[in-house]
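Next come two complexes, and both contain chain A; in the first it sits with chain B, in the second with chain C.
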Partner chain A sequence: MNVCGVSAQYHDAATALVVDGQLVSAAQEERFSRRKGDPSIPVRAVRRLLDDAGLAPGDLDAVVFYEKPFQKFFRIVASSVANAPFGLTAFRAALHAWFESRLWIRTDLARALEVPRERIAFSDHHLSHAAAVFLTHDVGSAATLVVDGVGEWATTTLGRMRRDDDGLRYEVLETVDFPHSLGLLYSAITAYLGFEVNEGEYKVMGLAAHGEPRFAEEIGALVEAAADDAPRGTGGFRLDLRAFAHDRSVQKGWSRRLETILGPPNPPHRPFAADGSEDARRYADVAASLQRVLEERLLRLARRARELTGESTLCYGGGVALNAVANGVLARSGVFERLLVHPASGDAGGAVGAALAWAATHGEPRAAPLGAPLLGTTPDVRDDAPPDADDLAWERADDQDALCERVAELLADDRVLGWVHGRAEWGPRALGARSILARPDGPDQQARLNRMVKEREDFRPFAPVVLAHRADELFEGFGPGRALERRMLSVVTVRPAWRERLAAATHVDGSARVQVLHEEDAPLLHRLLLAFERRTSLPALLNTSFNHAGEPIVDSVTDAVASARRCRLDALAIPPYVGLRSRADAVPRAGDTTPTDATRC
Partner chain B sequence: MLKERLQTLGQLVREGARPENRQHFVLVLVLVVAGLVIALGAMYPLVAPFLYTLF
Partner chain C sequence: MIYLRETVAGLISPWVVLSPTRFARQLQQFAATELYTHYDIAEVAERQPSPLREEMHRHANDELRHHGIFLDWARKVAPYVTAGAADDPSGSRSRLEREEVRALVAQPAAPHRRLPTLFEYMTYIFLSESRAVLQFKLYQWINRYDRRCREWIPRLLADETRHVGYSARVAREEFRRAPWTCTKGFFRVLGYILRQDLLDLLRLVQILGSGLVTGLLYYGVVTPYGLVKRAFGGVRRGRLRRAAPTGPVALDDAFWSRS
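And then the complex of A and B:
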C-alpha cells in the first residue's frame, strides 16, 4: 500500500511517502521550488519522492491531506458571525481566498498529482500532528499534546493515542478552540516585535535570552489558565481577546490594549538592533516574558495531560513544539518520563502524520521508529567529475578518511565550509546533511558568521554539534535519554569551563541548541568530528543550516554551489570532492580587513 | 472543471447541514452562492473584474 501525505495552502507545504506502512521519504516543497516557506501544493516534492521510490502517481492508493478544509471554512464563518460587524475586511479576504483556491483542494490535488479524486482523503489537523510523533516512535500508548496556531477549530488538544490489533486509537480528552491559542499569542507578539509571522518566531526565542521577563505578569494575565482541578473537558486556558485581534483581522494580531500594556510595537520589517537602547531592551524583555509565560502554560498542559491519561510518555506536536527552549523545560520538568517530539513538528510534519495515520487505520499500524530524520533526497554527485562551479578549485579525496582529514584541516584553519552529504534532513534543523560548519571558538566568530555568511541579526545564536561520548563533559541539562538533543529539538546549558571554547555556539545566557551526534546517525560527519578533535582537541563544531538569508536550506548540488557563492563560503565539501575558494573572495577572518559594507552578498 | 466545483459545493452544503454546523447553515448557503460567483470569476479571468465588483 502506497500512501502520500500532503500539507499545503498556508505555509511550509510538504509531502511524505509511506510504503507498506513504513515512512520512506518526506520533503518540503521549498527545497525544490527554492521559495522559503512555499505554501503551494507540493507537486515538485511529490514527483521527486515518487521518482526516487520508483513509483508513479497511479501507484498511490491514497493521497491524504493533513486537515479538513470544510471544517476550517465553517470556523471562519462562525468567527465572522461572532465578530460581526467587525472584521468584515478580513472576512471578505477570506472568502476570496477560500472560493478561489482553498475550497477546491480535492480537485486541485487530484489534477496536480494526477490521481483520481476518489483517492484523495482528509485527516484531522491535530490528529496529523499527534500521529506524526506517535507513529514515528516505538511506543505502544502515550499521552498526546498538540499546541499550534489553529487547526480546524482546535488550537490545543490533549489526548491519548495507542496502537491495537485494529490499528490506531486516538482519544481526544480536552481541547482549546480558536480564538484562544498559544500559537497565535506567540505569533501576535512576534509581529508586535517587528518580525514576520511563521518565520520570526525563532528570532523571538533567540531574543528572549537577551531580556528579563519583567512583563511576565502582564502577559500571563492575558492567558487565563483553568484551575488545576478543573473537571475533565474544561481545562486549558483562555486569551483575553481585548488585547488581540487575530479573530477579526488579517493585518494585525493585537489591539491597542496590548500596546497600552507593553508599549509601542517595533515597526514591521525594521531590522531589530540589539543596540542597548531603551526600546531594544524593552523588546527583549517582552520576548523573555512571552517565553516565560509560554513555558508556564505548557507545563500546566503537560501536567494536565499526565493527570488525565496516567501515561508516562508524552507525544508533543504542533508548531509550538518547534520552540526548543520550551521543549527543554518540558523535558527536564520530569512531568513525563519520556518526551517525544517530531523533527518537523509544524505543519510540514502534518504530511507525515496524515499519511501514517491513514496507513495505520487501513491495516498497516506498525510503522518502524524513525531513526535519524534524513528522509529527503540524495545529492546528485558524479563520481568521475566535480560539481560544476568555476569559482571553486576542486580536489578529490581518495577515501573518506582523506576527505575528513582535509576538511578537518580547513576547519581547524578557521575556514567556513558548506557540507552536503547523504539524504537531506526532514524538518527545519540542519543535522549534518546540509550544513555550514565552522570552528565553534573565537569571540568574533558568531558576528562574523551572522553578518558575513548568513546576513542575519547579530543576536541570533548558532548551534554546536558534539560527539555523543563527550557531550556530558561540555553540556548539562539534557532531557531523559538525550532523545531531543539528538535532533536539535531542545536547548541545554554549556558548562562554564567550555563557554569560551564554544563561544560562537553559546547563546548569551549560556545555553545552546546542541546536536548530540551518534555515529549511526551520520557516520561521515562523526568521522569528521573525530578528525577535527584530533587537530584541535575540540569535540564540537559550529553547525548551522546551509542557506543564505531568506532562502530555504539547499537540497541539490546546484543549490549548494549557488548558496556557497552567495554566502562566500571558504570551501564546499560534497564528498568525495572539496572545493576551495580563493582567499580574496572568501569570508574575512578575524584580523582580516573587513569590507565597509558588511551586508555585501 | 465546473462540474467538479459544483460537486465540491454540494459536499460543502451537505457538511453544513450536519448537526454540529447547522447553526450557520443559512449563512453557508448564502456564502456558497456568493462563492460560486467568485469561483466563476477565478475560472474565467475575462469576467472576473465584473463579478468581483459585487464583493
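And then the complex of A and C:
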C-alpha cells in the first residue's frame, strides 16, 4: 500500500511517503517553496516525493493528515467561552483562520493533491508524534511521552505503544490539557525575550548557557501552582494562568504579572545585546531558569512514565523534544535505559508518524528502523558537466579519494565550504548532506562564520561533526549508546583539553551539539574527515546547515549555488565537482581590516 | 471631497508615528508609491516633446530620490521591520524589486484602451501631488514633536510643491488649447480618482465590518454563554473539559475517518 502523511497549516508543513509499510521518503515543503517554515499544504513536496518514487496521486491508498482539525476547533471554541469576555483577539484570529482554511482541510487536501476525498484520513496529533518515534525504531513496546505546544486538546501525553502482527496498539495513560503547556510556556518566554516564536526557541536554549538560573524558583512556581485538581499522578502540572495570556491573545503570551516577576520584557525583534549590560544578563538568566525548570519537569514526566508502564524504553516526541540540551539531560538521567527521539520531533515529524501509524493499523506494522535520517531528494548533479555557476571555477575529481583529499586540503587551508552530497536530511539538523563545513579551531572562526553565513547573534556556537572512534577522546557526557548524538539530538561536553582546538564549536559553558559520525551513516563525509584528520590531526569539522540567514536549508544544486553566492562561500563541493571562488571575491578573515560592506554576504 | 482621505490620514498620523513598527511600515508604503510614480512618469515623459520631457524626467528623478529618503527613514525608525533590506547589502534583491515595479508600469496597455491625454495626465498629477502636499503638511504640523518629521518632510515638500506648480501650469496651457475636450477630460480624471478612493473605502469597511461582526458575536453570544456556563461550573479557563479520555485508543476505521 502507498500512504502519504501530511502535516500543514501551522508551520513547517511536511510530507512523508510510506510504501508497503516502509518509510521511503520525507521532506518539508520549505525546501521546495524556498519559504522558511512554509505552512501551506505541501503540494510541491508531495509531487516531488511521488515523482521520485515513480507514483502518481491516484496510486495513493491514503493521505493521512497528522491531526484532527475539528477537535482542535472545538478546543478553541471552548477556550473562547472559558475566557470570555477577555479573549476577543484570540477569538477573532481563530475564527478567521479556521473559516478561511482550516475547517476545509479534507476538501483542500483532496483538491490540492488530486486524490478522492474518501482516501483522506486523520490521525491524532500526539499519536502522530509518538508513532514517528516508535515506528522508526526497532522496538516492540515502549512508553511514550509527547510534549509540545498543543495538539487537539492535549499538550502532554503519557502513554504506551506496542506492535505485534495484528498491528499497532496505543494506550493513553495520562494527559495534560491546554492551556497548561510546557511548549507554550517556552514559547511565551521566548517571545518575552524578544525572539520570534517557532524560530527563536533555539536561541533561548543557546542564550541559557550564558546565564545563571536565578529565577528558577519563580518560574518553577508558575508551573507548579494551583495543583488542587491537577490531573492524576505526580507528573501532571499546571500553569499559573494569572501570569500567561497565550489562550487569550495571539500577540502576547504573557501578562503583566509575569513582568512584575521577571522584569520588563525585551522588545520584539530588538537585536539581542550580549554586551554584559544589566538587562542582557537578566535575559540570559531568565533563559537559563526556564531551561532548568523545563528539564526538571521533563524528568518528572519521564519518571512518571516509567512508573506507569514499567517499560525500559521511552519514545519521546513533540516540539519540546527539539530541545537538545534537555534531551541530553533526560538521556543521561538513566530513568529509562533507552531514550528514543525522532530526528524531526516537531510537527513536521507528524507527517511520518501519521503515515506509519496508518500503515501499521492496516496490516503493515513492521517498518524497518530508520538509519541515518536521509529521506530527502538526491541532488540533480550531472556526471558530464559541472553545475551551472560561472562565479566558481570548477574542478572534477577522478575518484572519491581525490575528491576528499582536495576538499580536506581546502578546509585545512581555512576555506569555508558548502557540501552537497546524497539525499537531503529529514529534520532541522544538517548531518552532512547539505552542510557548510569549516575548520573548528581558530579564535575568530565563530564570529567569522556567524557574520558570513548566518548573520546571526554571536552567542550561538556552531556544531562539530566528529569521527565516531575518536568521539570519547574529545567529548564526554554521551547518552546510552550515543544514539541521540548520532543525529545531533543531544548536547554533550567538550573535554577541556580540546576546547581550544574546537573553539568555534564549543559553547560558553563548554557544551557542544555534536554529530558522532559512523562510516555507514555517510561514507563520503567519513572519508573526508579521515583525510582532514591526516592533514591537521583534528578528527572533527565544524558543520552547520547550508543556508543563508532567513532562508531554508538548500535542497537542489541550484539552491546550493545561489546560497553559496549569497554567503560568498570560498568553495562548493558537489561530488564529483569542487567549485572554487577566487580569493578576491571571498569573505575576508575576521582579523582583516575591510570596509564593513564587504564583510557582509 | 477628494482631499478627505488625506485629511483623515494626516489627523490620525500620531497613532502611526508613535509606533515605530507601524510608522516604518507606513514609510515603506510611501517609498513604494514614490517608486511606482517614478517609473510611471518616466514612461509618460518619453512620449512628450522637449522641454516638457526634461521637466517630467526631473520630476521622475525627484520621486526616485523620495523613494530612497523614505526607505532610509524607515530603516532608521525601526531597523527590525526593514531587516530584509539589511540581509541584502549587495542590493541584488532591491534591484529585483525595482525591476518588478518597472515591469508593472511598462505592461502594455490593453489594445483598445485609450491612453490619457496630456491634459488628463497632468490633471491627475496635479490632484495627486496636491493631495500629497496636504498630507505631508498635516503630518509635519501634527507630528512636530518628532525630530525627523520636522527635518525631513520639508525636504520632500519643496519638491512636491514644485510638482504641483508645473503640472497645474501644463494643464492650464492644454486647457486653453481645447477647453471643451479638457472639461470632459477633467471629469473623467475626477471620476477615476473617486472610484479608486471608493475601492479603498470599501476595503476598509470590509475589514472594520468583519471586526464588528466578530465583536458582536463574541460579546453578544459567546460571552453570555460563557458566563452562564462558568456560573454553573461547566468550564473554567484552566479546565476546558471535565476529563481527558484515557485508556486504549481503538485505531479502527472510525478513528481514522473522524476529523
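The definition used in the following text is that the second predicted complex is superposed on the first by the 583 of 601 C-alpha atoms of A that agree within 3 Å, B and C clash if a C-alpha of one lies under 4 Å from a C-alpha of the other, contacts with A are read in each partner's own complex, and residues count from 1 in each chain.
Assume contacts are C-beta pairs under 8 Å (C-beta built on N, C-alpha and C of every residue); 3 or more make two chains touch, one makes a residue touch a chain.
Not measured: the values here are computed from a predicted model.
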item	value
First (chain B), second (chain C), both or neither touched by A:Trp358	second
Contact breadth on chain A, by residue count: chain C or chain B	C
Contacts of A:Ser79 with chain B and chain C, given as first, second, both or neither	second
Which of chain B and chain C A:Asn323 touches, first, second, both or neither	neither
Touched partner set for A:Phe178, first chain B, second chain C, both or neither	second
First, second, both or neither for A:Phe99, with chain B first and chain C second	first
Chain B versus chain C as contact partner of A:Arg117, first or second or both or neither	first
Chain B versus chain C as contact partner of A:Phe70, first or second or both or neither	both
First (chain B), second (chain C), both or neither touched by A:Ala549	second
Residues on chain A lying within both footprints (that of chain B and that of chain C)	70-71, 78, 81, 92, 95-96, 106
Footprint of chain A on chain C - complex, ascending	79-81, 83-84, 87, 89, 210-211, 214-215, 217-219, 222-223, 225-227, 229-230, 235-241, 244-249, 251-252, 255-259
Partner chain B, residues of chain A touching it in the complex	70-71, 73-74, 77-78, 81, 92, 95-96, 98-101, 103-104, 106-107, 117
List of chain A residues in touch with chain C within their complex	62, 64-65, 68-71, 75, 78-85, 87-88, 91-92, 95-96, 105-106, 121-124, 127, 153-154, 167-175, 177-180, 226, 229, 231, 238-239, 241, 247, 268-271, 357-358, 361, 455, 548-550, 597, 600
Of all residues in chain B, those that touch chain A in their complex	1, 4-5, 8, 11-12, 15-16, 21, 23-24, 27-28, 31, 34-36, 38-39, 42, 55
